[in-house]
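Labels run A, B and C following the written order; every chain starts at residue 1.
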Amino acid sequence: MYLVLSLAILVTMVLALVRALLGPSVYDRVLAVNMFGTKTALLLAVISFLFGRPDFLDLALAYALINLVGILAVLAFFENRPRGAEGSGHD
Amino acid sequence: MIIVFGLFLLSLLVITALAIVRTENLFVAVMLTSIFSLLMAANFFILDAADVALTEAAVGAGITTVIFLGALALTAEREKPSSAGWRFPLLVVAVLATLIIYATFDKPRLGDPEAPVHQHLAPWYLEKTPEYMDFPNVVTAVLGSFRGYDTLGEVFVVFVACIGVLFILGVKPQAGAEPEIEDRAGLRHHLIPQVVGRILIPFIILFGLYVQFHGEYGPGGGFQAGALIATGVILYALLEGEAAALRAVPRPVLLALVVGGATLYGGVGVACILLGGNFLDYSVLSADPVVGQQMGILLIEAGVGMAVCGALLSIFHAFAARRIRL
Amino acid sequence: MIETVLDILSWALLCLGGAFVLIGGIGALRLPGFYTRLHAASLTDTMATILVFSGLILQAGFSLASLKLIAIMLFLLLTGPTASYALANAALQSGMEPDADRLGGKASGGAG
């Protein structure tokens, strides 16, 4: 059961990665990174139950906190350097 | 099952790495590097290496991304077109990759019980840790005590890296306020991040201290704790602006943390000599050798945490507090 | 008896949480326009967090792991919407407008 759930989360991480690679504007990519971070925290919690090691939950807690700081850093970056609506994020 | 997860994550790693190399927009590269670091941490987690996964998450996905963004704010957004040819580097890389892949054929398989490291070294560590140190986390025992010299070298490397970056960027320690950074107000006029951030900062620092002192019983230790506490202070700097953050934790304090951390580690080693043992032989620190080992590891982990926190914050301020010159 | 009920309840919550995670991923990939994708990603993130962590707490019972799970759930619920706000604000400030007219007729897929 945990296995199916972790596979679902992994598939969503792939979808988020595709959005990060495709996204026409930079905000799509930042959205994908944010999604990736929260899904990683979920995945860690589920896998720690899958492996039967509940003391690994500290990592999920750390990720939840770090994800926010990353996104706020991006917001602060955009504050000081306002960008055009299109962005220039073509691969 | 681990193989399925591992293959999945490793192929995602390759795709991300290719995308990082191919893109010309540096901001995109920074975002993809953050994803790369998260994938790497998930990989480590699946291989049952929780300490390393925590360090990779805290340092890679958190602080490195913020420092890259700080550096990116000072330079251009697109990569300069490179004028070197691509054939010769490709040839060199192909030759080296073939050699390395050929060399891995001799490696024992992952988790092979017949591998040499599992015959002598790993069982010795696993048996002697309860006997000498009496706490569950063998990784901290190996890091702090059995291979204490290596960790001492790591702390000195962190120290040298911090000093090196400060030299390269020409940062001079100033005693007074720094007037040229008043124009960056941070996120002060965004209400929601302010409120949520202020609630979270004490918890981040508390969690960092928990990870620091819990390193002997679960995943944790000095490196992770230093990175987490630095993340908390960086959050404060992002919310309130650089001037407020440098008033709260001034640069001399950060340098004192870096120097103090490295000195504490070396000092514990010298104290062991003065008390009659070898360098970094913690058993002589107390009447009971087990208690001595635990105290020694606690002290050096504190030294590591201080050094890492001070170094990361110094490097962050070195980038974020510079004037934009473009 | 009560154990089986709790077991079934926690499996149901975990399945539903997994479904929301997938819906969010598909929505973030297929919806047109940045703001609709943000909508899909943030809403399903929060719902999936609540469902998955409630399921895990029911599985763990009364232990230290449950307390840690409650703490993680609280932090994720606190930081998720903040990050979405920060992102939407940054996009709006830099001039990206939501395409209200173009998307008025198309009501295909996505959460909400």
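We adopt the following convention: contacts are C-beta pairs under 8 Å (C-beta built on N, C-alpha and C of every residue); 3 or more make two chains touch, one makes a residue touch a chain.
Values in this document were obtained by computation on a predicted structure and should not be read as measured data.
*Asks:* Could you tell me which chain lies farthest from chain B when each chain's centre is the average position of its Cα atoms?
*Replies:* Computed centres place C farthest from chain B.
*Asks:* Decide which interface, B-C or A-C, involves more C-beta pairs in contact, and give its chain pair.
*Replies:* A-C
*Asks:* Taking the mean of the CA coordinates per chain, how far is chain A from chain B in Å?
*Replies:* 20
*Asks:* In whole angstrom, what separates the CA-based centres of chain A and chain C?
*Replies:* 12
*Asks:* How many angstrom lie between the CA centroids of chain B and chain C, rounded to a whole number?
*Replies:* Between these chains, centre-to-centre, one finds 30 Å.
*Asks:* Enumerate the residues of chain C that touch no fewer than two other chains.
*Replies:* Residues 75, 79, 82, 86, 89 of chain C touch two or more partner chains.
*Asks:* At least two other chains touched by the same residue of chain A: list those residues.
*Replies:* 13-14, 30, 32, 58, 61, 65, 67-68, 72, 74-75, 79
*Asks:* Spell out, as numbers or ranges, the residues of chain B touching 2 or more other chains.
*Replies:* Residues 190, 193, 196-197, 200, 203 of chain B touch two or more partner chains.
*Asks:* Please name which positions on chain B make contact with chain C in the complex.
*Replies:* 190, 192-193, 196-197, 199-200, 203
*Asks:* Please output the residues of chain A touching chain C within their complex, sorted ascending.
*Replies:* Interface residues on chain A, with respect to chain C: 1-2, 4-5, 8-9, 11-16, 18-19, 25, 27-28, 30-32, 34-35, 38-39, 41-42, 45-46, 49, 54, 57-58, 60-61, 64-65, 67-68, 71-72, 74-75, 78-79, 82-85.
*Asks:* Which part of chain B faces chain A closely enough to touch in the complex?
*Replies:* Those in contact with chain A are residues 1, 5, 8-9, 12, 15-16, 19, 22-23, 25, 27-28, 31-32, 34-35, 38, 41-42, 45-46, 48, 50, 53-54, 57-58, 61-62, 65-66, 69-70, 72-73, 77-78, 184, 186-187, 190, 193, 196-197, 200, 203-204, 207, 211, 214, 218-220, 224, 228, 231, 234-235, 238-239, 324.
*Asks:* What residues on chain C touch chain A, complex-wise?
*Replies:* Against chain A, the touching part of chain C is residues 11, 14-15, 17-19, 21-22, 24-26, 28-29, 34, 37-38, 41, 45, 48-49, 52-53, 56, 59-60, 63-65, 68-69, 71-72, 75-76, 79-80, 82-84, 86-87, 89-91, 93-97.
*Asks:* Spell out the residues on chain A that touch chain B in their complex, using ranges where they run on.
*Replies:* It is residues 3, 6, 10, 13-14, 17, 20-21, 26, 29-30, 32-33, 36-37, 40, 43-44, 47, 51, 53, 55-56, 58-59, 61-63, 65-70, 72-77, 79-81, 88-91 of chain A that touch chain B.
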